[in-house]
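A, B, C and D label the chains in the order they appear, each numbered from 1.
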Amino acid sequence: MAEHLRALASLVRPGMSLALPVDYAGVSMAMTRPLIRHGAGDLHLVCVPTGGLQVDQLIGAGLVRSVETSAVSLGEAGGAPRFNDAVKKGGIRVMDATCPAIHAGLMAAQKGVPFMPMRGLIGSDILAQRADWQVIDNPLETGDSIAIIPAIHPDIAIFHVPMADRDGNVWIGRRRELAAMAYAATQTLVTVERIVDRSLLADETTAAGTLPALYVDAVAEAPRGAWPYGLWGEYATDTDEMVRYATAARTPEGFADYMAQEVCA
Amino acid sequence: MTALPREILICTIAGLLHDVRHVAVGASSPMPAAGAMLRRALDEDRRKVRLSILGSVEHNFFTNGSTELFDSAGQGRLDAFFLGGGQIDGMANVNLVGVGTYPQMSVRWPGSFGSAYLYFTVPRVILFREEHSPRVLVEKVDFISAPGISAPDTYRPGGPVALLTSKALFSFDSQRPGFRLESVHPGHSLPEIIEATGFTFDHDDTPPLTPEPDAATLSMLRGRVLDELSETYPAFAAQWRRDLAETIPHGASA
Amino acid sequence: MAEHLRALASLVRPGMSLALPVDYAGVSMAMTRPLIRHGAGDLHLVCVPTGGLQVDQLIGAGLVRSVETSAVSLGEAGGAPRFNDAVKKGGIRVMDATCPAIHAGLMAAQKGVPFMPMRGLIGSDILAQRADWQVIDNPLETGDSIAIIPAIHPDIAIFHVPMADRDGNVWIGRRRELAAMAYAATQTLVTVERIVDRSLLADETTAAGTLPALYVDAVAEAPRGAWPYGLWGEYATDTDEMVRYATAARTPEGFADYMAQEVCA
Amino acid sequence: MTALPREILICTIAGLLHDVRHVAVGASSPMPAAGAMLRRALDEDRRKVRLSILGSVEHNFFTNGSTELFDSAGQGRLDAFFLGGGQIDGMANVNLVGVGTYPQMSVRWPGSFGSAYLYFTVPRVILFREEHSPRVLVEKVDFISAPGISAPDTYRPGGPVALLTSKALFSFDSQRPGFRLESVHPGHSLPEIIEATGFTFDHDDTPPLTPEPDAATLSMLRGRVLDELSETYPAFAAQWRRDLAETIPHGASA
């Protein structure tokens, strides 16, 4: 298993952009340490639409150049210590967004268009700080301004789901932001709780929640691969472990000690 | 029965949610969730109130990923939403990003989440922040995650209608624009509120007291709503139960 | 059952716009005769993204003012006779489109934006004939033109699926254009093969293919309600009956005779 | 073994699909489907060829509704597609709408389907129309469902590469622009093709003959591909089998 995860991690090259899902959608925490060991840095992270533990750890490990996100936090366990520290020290560039803007950028990539229009935003400092976003006059109605969000094309999307079949189809259930990430990304790497023998596309019931292999470049088994996050329909978040990390990672040394420990889910 | 301060807040929230069909509550928001559950219970015979709790598996009927909440707001299918804020100013601007000069801020908060969209598209946004202090309620926010008001050429069917804190309830008038003190919670006073608020606001000379819930409402709150809430917020519900046990005289009917 | 279908049909008022799905996605053929008996006319039909038997019958019954569509045909059974006849006689206005443009218009409504940009189209007579569509300069790149498609907001979406639960959640499987129709429409009317007692949202497997009741205004049971079309995962198209209709409906009289017959699926 | 005319067409299609990863076929298109199935079978040991047949439940791995085909084309994940046309002209403009003056046309066809998008976004669009006559291959189409070429300011990664009819195979050069006769199918001639084509095209004085499939390919086609095809197109496959039975001498190996 560890070898497979390393093989997946080795597809990440320095300077790439990675799309990573929100904490409750299926974070591939199993990939975090392999990514850090692999060591490809200067990464740009796209949080879909917010980030947490994995983002904090990649930042703490010094692999991250910039983050586009609507928020980074550890949820109930508080602020994200390595993210907050890096922001204060100017160690990373944050492209602050708002959740539907990140969804809009991915949707533009899914549809093969250069941008998506989006309501809201006008008058916010989020918009004021984003030189890559624009406000145009709605061509269909005079006296109406609207923001446009450029397409987001991540190099690699990485997430964790309950199962894949032997053809590489993966079951994403109702977490359709995972499909949106895969449609938009050039490559998609998926870790799964288990690989099943039957085809997920063979009956309409499972097909409805399946991302076809067309969009999946590599799959690896990683039981409890979202831990300490939970995985929908499978297991709950390990809040104690989240708090243990939040406490340890208050200092760079504490973070290093925590990451050096062997993981047991 | 005397209501606990948090019970008055929850009932006030339920009051602000009159006539909603669909209300969404952010993660880690037990009181807004309780207020919405109370609204649903109170209206049960008249109509269905739908409640979405973000990040919850049980109280989330969405099936199109995390984009569906925002889509439903864009479609006009979301009537009410709650927004907090590290800073909130007198123009109802909300700051969820940090303190100091962007980007290298002295205090960094998680970020703006969906505020810069939902504040524009949800008709009834309720600003809810328990801490009522000049640190939170500032004259001008350091960073505008989402503006309280917009120019006429900006599409804005939504926006703030109220600000609820541990001390008081304000309404917001986007035309004037500004906040108006609607009521003071029991145990607090106008001078204390003026002192604790970093922006100026309209108020009567003798503002009314925030009403306490009647016995029927309180009993529904402590029965069914508290039960429902414990599924999603077990720690908050347990503490509430402990506080009730200490407050209510033994032998009194709950 | 017939009463319930009549109740659904009575929600349609003259002049409304109806969104109807492509022949293989779940056409509520069971609603066609109730709609005709109800008689609300001057309708605008939006085919998502093409139309067939139901559209031809509503046109033949004289209820249709205009049709936005990427095509109308009876598939293997040939051209749509009442549609073709109405076009030749100028009896209806056709807003010719192309499939992804209709999807784009519905997506704009789903997202609450006034338009969606779309590639393709430029240089086609489809675009030239659509005064409501525009071509703008891509604000993000000079020397790049792109079409924009206004949001499509149907008054009512009508379709047929295998099942609904008692809460009004309906199972659409992987036919997600049905969800897109419901998101975009003000009201959605659904006929189903059967109503099930368990909640479709109660487990992640069925939830993945479920359109929540938030978007569903009325549900009625109609076994074999897509007939003579097939329904995915349930039954196949009755090609003989399609051909029987195609032959009969070559003339207005033949059409009237066919429609006057009692239906038995 | 002598190949049937339709077998030569199918093998020609498979040849045009060299190196594709993902090919989509419209509804009611048995020969393009057979060509794609043959391509998949021929390349099986080297790489996976994905085949989507629109409207088919079996040969359709999409799970995001009827929009997914177009989205996948927009993402650059669809390499080849087939387009017919009531009229096709010398600039490779395609007309799927009707004959006469729009909108009240004297002959109305179903409509443009996805052509006005896929013709722009799919790198290898193969125009396939069996009928080769001046009625179909016209000088100028009455209605442009999708244009064959575009101005430089139009985003166009895709477009026509070939036109295959029952008589001949043409290539299309978008730079010149125009068609060039690549080969003439067995049993047909250059003068016949010039006569049957309403537009002018480039050609050699003695154009080559469209090659017939070798024995291995033909055997794969009549075995595995014909079996696969009968699931989706039973009537077409049955007719093909009957024609084979009539053509092939009794006792000959098939």
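Simple rule for what comes next: contacts are C-beta pairs under 8 Å (C-beta built on N, C-alpha and C of every residue); 3 or more make two chains touch, one makes a residue touch a chain.
Small disclaimer: the values here were computed from a predicted structure and weren't measured.
**Student:** Using mean Cα positions as chain centres, tell me which chain lies farthest from subunit A.
**Tutor:** D
**Student:** Could you grab the centroid distance between subunit A and subunit C? Build each centroid from C-alpha atoms only and quote it in angstrom.
**Tutor:** 36
**Student:** Rounded to a whole Å, what is the gap between the Cα centroids of subunit A and subunit B?
**Tutor:** Each chain's C-alpha centroid was found; their separation is 29 Å.
**Student:** Quick one: subunit A and subunit D, Cα centre-to-centre, how many Å?
**Tutor:** Spacing between the chain centres: roughly 41 Å.
**Student:** In subunit C, which residues are in touch with two or more of the other chains?
**Tutor:** Subunit C, residues with two or more chain partners: 107, 111-113, 118-119, 144, 146, 174, 179, 207-210, 232-233.
**Student:** Two or more other chains in contact with one residue: find those residues in subunit D.
**Tutor:** 62-64, 74, 121
**Student:** What is the complete set of touching chain pairs?
**Tutor:** Those chain pairs satisfying the definition are A-B, A-C, A-D, B-C, C-D.
**Student:** Spell out the part of subunit A that touches subunit D in their complex, as residue ranges.
**Tutor:** 109-113, 169, 179, 183-184, 201, 207-215
**Student:** Taking the touch rule as given, give the residues of subunit C at its contact with subunit D in the complex, in rising order.
**Tutor:** Checking each residue of subunit C against subunit D gives 22-25, 48-50, 69-73, 75-76, 79-80, 83-84, 87-90, 93-94, 96-101, 103, 107, 118-129, 143-146, 174-180, 232-233.
**Student:** Which positions of subunit B touch subunit C when the two form their complex?
**Tutor:** Against subunit C, the touching part of subunit B is residues 22, 50, 61-64, 71-77, 121.
**Student:** Quick check on the complex: what are the subunit C residues that touch subunit A?
**Tutor:** Within the complex, subunit C touches subunit A at residues 104, 107, 111-119, 134, 136, 138-141, 144, 146, 148, 150, 172-174, 203-210, 232-233.
**Student:** What does subunit D use to touch subunit C in their complex?
**Tutor:** 27-28, 55, 57, 62-67, 70, 74, 96-98, 102-106, 108-121, 143-147, 150-155
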